[in-house]
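Two complexes are shown next, each including chain A; its partner changes from chain B in the first to chain C in the second.
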Partner chain A sequence: MFYRENGQFNTTYAEDMAVFPIRQDRIGLALILGVAAIGVPLFGNSFFISSVMIPFLVYSLATIGLNILTGYTGLISLGTGAFMGVGAFACFKLTTAFPNVNIIFWILASGFFSAAIGMLFGLPSLRVKGFYLAVTTLAAQFFLQWCFIRIPWLYNDSASGAIEVARRTLFGFPITGAQASAQTRYLVLLGIVVFMTWIASNIVHGRIGRSWMAVRDMDIAAELMGIRLLPTKLTAFAVSSFYAGVAGACMMFLWYGGGEANDVFNINQSFNILFMVILGGLGSLVGSFMGAAFISSLPTIFKFGLPAIGINIGGATAEHLTFMVVGALIVIFLIAEPHGLARLWQITKEKLRLWPFPH
Partner chain B sequence: MKPTTTTKYAVALAALAAITALPVAAQDSVTLITNSYRTGGFSGSGIPLGNGMRDYIALVNAKGGVNGVKINFEECETGYDTKKSVECYEQAKAKNNILYLPWSTGATLAAIPRLHVDKTPLLSMSYGLSAGADGATFPWVFNPPLTYWDGASVALNYIAGKEGGMDKLKGKKIGLIYLDAPYGKEPIPFLTNMSKKHGFELQLYPVPAAEMQNQGALWLNIRRDKPDYLYSQGFGAMSPTAVKEAVKNSFPMDHFVSVWWAGGDNDAQAGGTEAKGYKSVTWHQVGTNFPLIQEVIKEVVDKGQSLTEKSKVGEAQYNRTVYQGVLVTEAIRNAQKLTGKKVINAEDMRRGLETLEITDARWKELGLEGFAAAMKVTCGDHSGHNKAFITEWDGAKWVKASDWIAPSTDEVLPLIAAAAADYAKTDGWPKRSEACDAK
Partner chain C sequence: MDFLIQVVWEGLVAGVLYALIALGFVLIFKASGVFNFAQGIMVVFAALTLVGSYEKMAAAGFTGFPAAMASIVVSLAVMFALAWLVERLVLRHLVNQPDIILFMATFGLTYFLIGFGEAVFGGDPKIMITQQLGLPTGSTEFRLPGFGPNGKDGLVLIQHIDVAATVIASLMIAALALFFQYTRIGRALRAVADSHKAALSVGITLNQIWVVVWFTAGIVALVTGIMWGARSDVSFGLSNIALKALPVLIVGGFTSVPGAIAGGLIIGIGEKLGELYLAPLLLGSTMGRGVESWVAFIIALAFVMARPQGLFGDKIIERI
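== the complex of A and B ==
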């Protein structure tokens, strides 16, 4: 009744090709952004922001990164955790070497380092596919993780082997380090995520994105149509790793605020993000957000949300429950709805258009 | 009139509500939330560690709390995952936790930069950041009774004692088998220094975290190199595997010494009776032969309020967190004395920890005579570098195998000072502004 495009006419080509052609979608998006940018920092408490919203945004960014590779280009990667690590260490090295440059600049720049590493490990993708590619990216994961421990230069020879996040400011407000409030860190992160999602949306809807999807659907056909496979696959690796790297830098600098990088950027992290992609929906940006929201918030909801409404389950039980629910959902989604939450959302929207007279 | 079933239920319910509601309202209390890991790959250590603390606090509360103040004790499950630990830290902060007990190196490192902002003290009992012992740089971090460097030093002193003096170490080969992570690498700088000074050869055997249960190839190297002694800085599944491999490769078990975290009952049990002679550095006794532990059994375990089996009370890791419990309650007591308040907050707790001292007489009063050495923390020294001893696995249980051994503080302190100074170079690291309390 409310969600339909009756009476909305496109009079230009640009309007016709818009990402959100329906007015209600645009209003909805503006509403969500408004709530995220104003409502959450204003009304959310610091626990909610730092333990629910910030992890959600960081994971969204990483999931978009992997989705570009796996969902849009059809190349499987199990090295996302390590590529995030490259971003975190690059950002750490850059900001300790050049402390006067703004940290946001370095967070974004660190993506280039992981993009370079990602391209290097993406080279075999021209020859190997499917499981074999998964294995080569697994090698990247283990090799890079080994580097994070074994090259003391990466963590400035600190005895603890940990990244120490120093205080960095923006317009005089501390945005990293212990003095930075959850609200400021959240707003900076939100800015980065919105900006990068906008870029990603433009890439996947443009020429590059279409060539990725052509390669995904059938690489021989794509080649016959004049798409060069090597550059296409390598750009997918580069862009994907870029996003992962920025997500890793955000994770260390805006969420954890320092710590032992090795136990953060491990193989579990890679799998976790792959699950987010699968559950959210392969080849969908909105799905990336949904998958990240679901998997990153579920444990928190079980552990802290249920006791808050009076259902007192132990921490260990909550942990087991999370494993079971996520595991079961992945199996169910792979069988029943391989396109994930994004597809469910799309079906809901189609149904809504016809509601309440589906004839 | 006969009361109907509904009325009976209603009355019972009302009575129950009254019982549960009253004490909460009447009693003063402080909140203590500890991280725990009863799930995941490290739960083998996490479960006994969680149970010891839980039971000790239950006993304290059963006896009326600390000076009449009950401890609202909660566990926050982390699965030994830093991400979840960070979440637990935030949650604990929101609930006015008086002391953060991180229970993992990753969680400790992630929390340290925030402590002075959130004004919460952190107690990492003989783990975490060794440099944290420097009270002038880290006023909010406490790591008594000794650091990893002290542990390695105690092990080395013990080995030297067996060989007949430090000078006899010359030309010997000492191997270090360690978890290839910041935790495992801790003793390397200390042992490297000592090897240069005393002329022994230090050989490194790193075990990658992913290969914890698959050390076959590594032990081939150990067999080839034939180190005279082996010191293990292992944790979780790595330690029992190392013991098993040592038995399989017929490494002389009495030349195999480990840090306290690799000295759990489950670690040594993996080697069975053949692991007899396996040694570990520790700072507290095992077993139930102490009046306080007996009281825990009587008041908590026998009443069915514990999560542990009775047979596991008194195991190495169980007693370890009983020790931690004593540190915490003694610090609360100190803080109450210093501030004159009954219900203390986190900032008071920091002062309580900084003046912590448990003498032999106090251990006896607590019902733990001979359980641990006298320990002391000062304003400048948040570890105390207290005495430890070597314990030996006799095939079925741990027994004390040496006298109390003091670490070589003259070797350890300069390392700590240097590491702390290095940490404080981070931009924005504050100078200590907290005043020291006189004892």
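== the complex of A and C ==
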């Protein structure tokens, strides 16, 4: 009744091809952004922001990155965790070498380092695809993880081997380090995520995105149509790793506030992000957010949500339960809806347009 | 020189065990086209069931070899139930889906089994019941005249369990090869591997075949679990070691049983030699430790670039 495009006429081609052609969608997006930018920092408490919203945003960014590679270009990667680590270490090295440059600049710049590494490990994608490629990206995961522990230069020879996040400010407010409040970290992160999503949306709807999707649907056919595979696949790896790198830097600097890379950027992290992509929907930016929201909030729900409504389970049981639920959900989703939450959302919208008259 | 021989022997044994895990992958891949990521956790799960049920029996006062055999029967039953449930609840609903969807489904299965296994058996490492199963323990030192440093006698230490593992693995591989080649079910399996449709049209029941294949992979997982467990202990960390089976597959070829064995040996020896020679070269002998964790994957990477189908795999042909 409320969600339909009656009376909205597109008079130009550009309007017709817009990402959000229906006015209600645009209003909805503005509302969500408004709530995220004003409502959450004003009314949310620190616990909610730092253990629900910040992980959600960081994972969204990483999921968009992997979705570009797996969902849009059809190349499986199990090395996302390591590429995130490259971003975190690059940011750490850069900000300790040049402490006066703004940290946000370095967070974004660290993406270029992971993009370069990602392109290097993306080279086998020209020879193989599918499972074979998955194994070669595992090479990236394990090799880089080894580098994170074994090369002391990366963590400035500190005895603990951990990244230490120093205090950095923006307009005089501390945004990283111990003094930074959850609200400021959240707002900075939100800005980065919105900006990067906007860029990603433009890339995937443009020429590059189309060539990625052509390669995904059938790479030989795409090649015959004049799409050069080498640059297309490598840009997919580069852009994907760029996003992963920025997400990794954000994770270390705006969420964890330092820590040991081996615990954070391990193979389980890569799997986790792959699950977010699958559950959210392959090849969908909205789906990336949905998948990230779903999986990143599950542990919190089991750990803090269930006790709050009176069901008391131990921390260990909660963890086991998370594993089982995530595993079962993946199987159920693949059976019921292989295109994930994004597809469910699309179906809901179709239904809403007809509601309450189904014909 | 004796050190080198020791290292090569260790690599050989590790390679045999990698080959066993890889064999589980190959079985399922050949018969259903599913790349079963859950093989690693199946190994852990089978071993945990074995140890767990033995502990239960020991608590009831039933110990020793008969109890160990009884717990093997229990584990086999559990692996059969698992195979049946996987077919019933997952595979049956995913017929005709693209390969990647099936691959992801086994991911889901992996996570489910990790959570389920930890909830049932607890997350602590358990000790494999090596002696109760009648497997040899202890070790023998061999003297190799003239192989040591400065012309002295060299010493090579060989664990008995490693020899047993190699023998049992070889027997099992031979048995599987015979099973595939000469039995009625084996022939049906090969038919299914060739083409699902053609197999269905000559009256082969696809669902039944899948249960058989997954159960066979479960048996392989149990044997692998016993062998791995006897060398270290039974913990969920094993499922990550099982990832090493993937480079083995790349090197040997996804569809070949001999390939899995050859690949296992190459990877096993390669990573031990890598630890010995490559690590000091890269970052010095102390900082360079742990090269083992990725050498296997880099070898696989080299193979992918040079020979994507692996040593014995079928040539990859793509059509529009």
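By our rule, the second predicted complex is superposed on the first by the 359 of 359 C-alpha atoms of A that agree within 3 Å, B and C clash if a C-alpha of one lies under 4 Å from a C-alpha of the other, contacts with A are read in each partner's own complex, and residues count from 1 in each chain.
The rule is simple: a contact is a pair of C-beta atoms (placed from the backbone, for glycine too) under 8 Å apart; a residue touches a chain by one contact, two chains touch by 3 or more.
Owing to the predicted nature of the structure, the values given are computational and were not obtained by experimental measurement.
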item	value
First (chain B), second (chain C), both or neither touched by A:47	first
Which superposed partner A:267 touches (first chain B, second chain C, both, neither)	both
Contacts of A:316 with chain B and chain C, given as first, second, both or neither	both
Touched partner set for A:257, first chain B, second chain C, both or neither	first
Which superposed partner A:99 touches (first chain B, second chain C, both, neither)	first
Touching partner for A:191 - first (chain B), second (chain C), both, neither	neither
Partner chain(s) touched by A:164 [first = chain B, second = chain C, both, neither]	first
Contacts of A:143 with chain B and chain C, given as first, second, both or neither	second
On chain A, positions contacted by chain B and by chain C	142, 146, 149-150, 267, 316, 319-320
Touch list for chain A against partner chain B, complex	45-47, 50-51, 55, 99, 142, 146, 149-150, 158-162, 164-168, 174, 177-179, 255-260, 262-264, 266-267, 299-300, 303-304, 314-316, 318-320
Chain C-touching residues of chain A, taken from the complex the two chains share	76, 124, 127-128, 130-132, 134-136, 138-139, 142-143, 145-146, 149-152, 218, 220-221, 224, 267, 271, 274-275, 278, 316-317, 319-331, 334-335, 338
Interfacial residue positions of chain C with respect to chain A in the complex	35, 89-90, 93-94, 97, 99-101, 103-105, 107-116, 118-119, 123, 240, 243, 246-247, 249-250, 254, 283, 287-291, 293-294, 297-298, 300-301, 304-305, 308, 318, 320
List of chain B residues in touch with chain A within their complex	36, 38-40, 75-77, 79, 81-84, 86-87, 90-91, 93-94, 105-106, 109-110, 112-118, 129-131, 180-182, 185-186, 189, 208-210, 419, 422-423, 426-428
